[in-house]
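Two complexes are shown next, each including subunit A; its partner changes from subunit B in the first to subunit C in the second.
After this line comes the complex of A and B, so read on.
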C-alpha cells in the first residue's frame, strides 16, 4: 500500500510521470488554457481601469493594495477552471472506457489520480506565473506600487489550489457521469461561494445599515459559512490572505499546511470514490 | 421527481415566510423590570445607555468615566427592530441604594449617588471634547452655563430692541430721502449676538466610575441591605489595540465628499493638480464586537475576529509635512476655510481662506491643512503629521502616489502574455514536428 502510495514501483512511477507529462502538454497545447489566462488578465486590467476611472473622477483614491482583489479573484477563477478540467477529463475517460486500462496496465488508481493532480498543479504554476507577471506589469503601467503581499499570495494560492483541484478530482472520480459530476461541482461551488460572498457582504455593512429583521439571516449565514469554511476548498485563500495582511505568519503557515493536508485527504476520498464507482460507467 | 419538486417549493415557501415580517398590529406586552440608564464615552462623544435585564454585559472604554443610574421601568420587546425598549413615560422609578463593583474601580468598591453633568465645550476650541464632571464641579459648570445663557438672552433682548429702533430709523431715513432731504445719515445695523457654544446638561444623580482594562461585576444594594433583583451585570472595560492618526481628506473638487484614511498601510492616490484639505484626527482600533456593544448593548452584529478604526478628536495646532526621501519639502499649518457658493442659479463654489474681517458674521466652514499637488516638487511621496510640540505623531505617515488618473489602453497589453507563450510553444512544436518528419524522410 505504502509502496503504491509513494510510487516506489519504478514501472508505476514512470507510467505516472508519462501520464502527467501527457496531460500537461495536452493542456499547454490546447486553446482553453490560454483563453483562461487571457480572460483572467483582462479581468485584472478591467478592475484596475475601473480604479483609474474613479481616480480621474474624484482626484483622490485611498487603498491599501489595489492589486489584491483582482489578483485574488483571477487566481481563484484559474483554480476553479483547472479543477473543472480535471473533473471533465476523469469523467470523460471513464465514459470512453479509457479507465479500463487501469485493470491491466502498469498504472494503478493512485498513479492515475496523482497524475491528474500533479499535471493540473503544474498547469496552475504556469498560469500563476503568467497571471502574476501580467498583473504586476499592469500595476507598473498604471503606476501602482507592488505590495509585499504579492509573493506570499502567489505562494499560498499554489497550495490552496491543490485543494480546489483535488475537489474536482474527487467529484469526477465519485460522480456517476459527466453531467451529474458537473452539476454537483457547480452546485457545491455556487453554494459555497454565494454563502462566502453573502457573509462578506453582511460583514462589510456597518452597524445600523442592516435592517433589524435581517440580523437573524446575517447571523445564520455567518454561522453556516463559518462551519462550511472547515470543509470548503475555497476558504484557504481568503483565510491565508487575511493572515498575510495581519502579518500573522504563523497563521499563514498553518493555513498553507492545512491546504496541503486538505488536498491529501480529498485525494484519499477520491480514490475510495473511484474504487466504489468502478472504471466503467 | 415531480413530488420532490413540490416538496422543494414548499420548503422554499416556508423559508420565505420566515423572512416576511408579520403585518398584524403590534401591542407589546410590558412588564416592570430593573434597568440601568447612563452615559458612556465612545471615544468621540457620550452616548446614552439603556441596559435592561436582558443585557447581561456592558462594554465600556477603559480609563473613561461612566455614569449609571438604576431605575424600575416598563420593559417590552419590539419585534420590528428586535430590541428591548422602555416605556419611561408610564413608569420611571429611580432605585435608591449603593452600586457595588468587584473588583473595585478607581472610585472604590461601593459607590454612592453623586450629581454629574456633561460639558459640551465651545466648538472653536482646538480639541473640543465632551467631559463628564461630578459633584460640586457639575453644579459650578451648570451655573456657568446658566449665567452665559441668561447673558445671551439679555443681549438678545437688547438686540431685538436695537433692531426695532434700527428699522424705525431706516424708515425715517428713507422718508427723508424721498422728501428730497440731502446728507441723511445712514443708520447702523445692530450686530446679532452669537449664541453661546458652551452647553452643560443639568446635574443628574448617578453612579460615576472609571475602570481599568478588565472584567468586572456590578450590582445594586438597596437601602434594606439586599441586592436589588435583576441589577447584576458584567462589565468589560477594553482598550484600543492600535492607535494612530487618521486623515479626513477633503478634495477641493468635491468638498462635500470627504474620504478617510485610517490605517498607516493606506496609500493615497492623487491626480496632478489635486488640491486637498487634510484634517488629522486621533484614531484608535477596537475589537468590533466590543465597540459595537459599547455603542448599543443590544447590538450583537459585531465579530470578535474583526477590528474597527474609530475616529476621535481632531489633532489641532500641529503641522502637516510633505516628505520626499524622508525629508520634508513642505510644511503646512492649519487654517480656517470658508466655502462660498457662487451667485446665480448654476451650481458652483469657491473655497476661500477664512478672513474674520471680510467675512464678519460668518463662521469658517471647516479647518484643514491645504496641500496642492503642484506645491511639492517632484510629486508627493509621503505625508506625516507633527503635533504642536513638534513630535511626529505615530501612525500618521501615508504613502502618496501621483497617477495620471486615465486608464490607458496599454493596461490591457500584458493580457496578451499567455498568447505569447502559446505562440512560442506552437513554434517549438512545429519545429519539432518538422525535425521528426525530416528524420523519418531520411530514414525512409
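After this line comes the complex of A and C, so read on.
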C-alpha cells in the first residue's frame, strides 16, 4: 500500500500525471472555474467597496491591510468550491461508468484519487493568482497601500488547502451516490459552521450577560469547537493564511505539514471507501 | 491448467448476498484463440469478466492471467488487456480524437497520433474524429469503445457484447477486425448474445448458466453435443400413402412428419451418421422417388438452448424436490 501511496511504480506515476493534466485541462476549458473566479472577485469588490464607504464616512481605517479579510474569505470559499467539485467529479465518474473504464486500464485507485487531489490544489493556485491579481488591481485603483509580496504569499497557501480538498475526495469516494455525498458534505459543513458561530456568539458576550443555566452549554460548545478546530478540514486554510499575513513562517510550515498529513490520512480512508464501493456503476 | 492458457480460473466463486453470481468456475482461454463466452441474462458473464480483470474480489478460487496469479489490483497485467464493456461509458464532452488521445497517453502508446488515426479508420469514424461524442449514435459509441480497447495493441481483448446495437455493416466490420486480430496472434474473449456471430468467429465456446460453466468445447463439438437429434429433410416427387407409417417402423427413426411431398425424419443423435442410405432404400422399396435429401445442420443457437434449457429443467427439478 505504501508503495502505491508514494507512487513508486512508474506506470502508476505516469497515469496519475496524465489524469492530472486531463483534469486541469477540463477545469480550465470549463465555465464553472471562471464563474467561481469572477464570483470571488465580485465578493472582494463588494467588501472593498464597503470599506471605502466606511472610510469616506468616518475617516477611520478599520485595518492596516484592507485586502486581508476579503482574500481570506474568498480563498476559503474557493477551496470549498474545489473540494465540492472533486466530490461531484468522483461521484459522477463512478455513476457514469467512466471510473470503470479507467480501471480497465493502467489507472489504480491511488493514482486516480491523487490526480484529483493534485489537480484541485493546482486549480486553487490558479484561482489564487486570479483573485490576488484582481484584488490587487482593485486596491490599486482605490489608492489603497499594497504589499509587493502579496501574490507569492497567497500562493504559499496552496499547501494549507490539502485538507479541505481531501475532505471532498473522501466524501465523493465513500458516498453511495452524488446526492448522498452532497448531503453528507453539506451536513458536516453546516455542523462545523453552526458550532463555530455559536462559539463566537458565546465568546462575544460579556460576563454576566449569559444566564447561569446557559453556562454549561457555552463551555461545552467552546470545548467541542476547540477540539474540532484541530480535526476540521476547514481549519487549516484560515490558520495558514493568518500565519502568512503575520510572516510567522514556523507556524506556516507547521500548519502546512499538518494539512498535508491530514490530507494523506483522508486519502487513505478515501481509498478504502472507494474500494468498498467498487468501480462498477 | 495448460501453459498456453492466457486466462484460467480455478474454483472461482462469487456471491452477492445470498445470490450466487459465479460458482466453482473453471475457465480456460488459450493463447491465440477467440473464446465465445455465452450465457442467458444474469448468468454471471459480466461478473466473471470483472473477476478476471481483478475489479471484483472472488470469495473463493483463483484467476491466472498470462500464466500468473492475478493480485488484487494488478495494473501491470491489466495494461496487457484491452476491454470493451457492454455500455461504452465515454466522456461525452470530448471529441473522439480527444478521448482516444487521453487513453493513448494513459497507456503511453508509441506514435500515438498515427495509432489513433489507424483505429478511427478501422472503425470508419475518422471523418467524425472532431465531433463531440455526445453527438454519436449508440453504434458509433460502441465502435469508439472498441477503438479504445484496441488502441494500445493489447495481447488479450475482453469484449462484452461488442456487436450490440451495431447495424449489419458495423457487425461485419467488427467481425473482420476480430478475425484480423486473431490472425496477428491476439487472444480474444467475447461475451455475446448474438450467437450467430460467435459461431462465425469463435474457436471455442463456454456456456455459463446460473454462474456454472455447463459446457466448454470447440464450436463444432459443442454443436454436435448440443444437438438433441439428427433431422433429415426429404423431398419426394409426389406424396406416397403409407410411407410415413413404413418409415416410422424403422428401428432408428424416432418420428416422421409429412407436409405434402416433404418429409421430416427425426433420428437419434448419431455422431455423424445420418442414415441417408437406409432411408433412401426404404423409400425406394415403398415406390417413392426422392427429389432431394439433406441433413439439417445444427447451430450454436440450438446447442446453447439445449444446454441452457437442460440446466433450467434440472434446476426446476431440484427446486420441486426440495
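The working rule: the second predicted complex is superposed on the first by the 234 of 281 C-alpha atoms of A that agree within 3 Å, B and C clash if a C-alpha of one lies under 4 Å from a C-alpha of the other, contacts with A are read in each partner's own complex, and residues count from 1 in each chain.
In this text, contacts are C-beta pairs under 8 Å (C-beta built on N, C-alpha and C of every residue); 3 or more make two chains touch, one makes a residue touch a chain.
As the structure is a prediction and not an experimental result, all values here were calculated from the model.
Chemist: Classify the contacts of A:96 with the two partner chains as first (subunit B alone), second (subunit C alone), both, or neither.
Modeler: The second partner, subunit C, only.
Chemist: Check the residue A:53 against both partner chains and state whether it touches subunit B (first), subunit C (second), both, or neither.
Modeler: After superposing on A, A:53 lies in contact with subunit B but is clear of subunit C.
Chemist: As a test of reading the superposition: which chain, subunit B or subunit C, is in touch with more residues of subunit A?
Modeler: Touched residues of subunit A are more numerous for B.
Chemist: Can A:45 be said to touch subunit B (first), subunit C (second), both, or neither?
Modeler: A:45 sits against subunit B, while subunit C stays out of touch.
Chemist: Mind listing the subunit C positions that touch subunit A in their complex?
Modeler: Spelled out, the residues of subunit C in touch with subunit A are 50, 53, 55-56, 73, 75-76, 78-79, 81, 83, 85, 87, 89-91, 93, 102-103, 105-108, 148.
Chemist: Of all residues in subunit B, which touch subunit A in the complex?
Modeler: Interface residues on subunit B, with respect to subunit A: 19, 21, 80-83, 249, 251, 253-254, 257, 259-261, 263, 265-271, 273-274, 276, 292, 295-296, 299-303, 306, 399, 401-408, 410-419, 421-422, 425-426, 429.
Chemist: Going by the contact rule set out above, which residues of subunit A touch subunit C in the complex?
Modeler: These residues of subunit A touch subunit C: 4, 9, 11-12, 14-15, 18-19, 21-22, 26, 96-98, 100-109, 278-281.
Chemist: In their shared complex, at which residues does subunit A touch subunit B?
Modeler: Going by the criterion above, the answer is residues 28-29, 33-34, 37-38, 41-42, 44-45, 48-50, 52-53, 55-56, 58-64, 66, 126, 130, 133-135, 137-138, 141-145, 203, 207, 210, 212-213, 215-219, 222.
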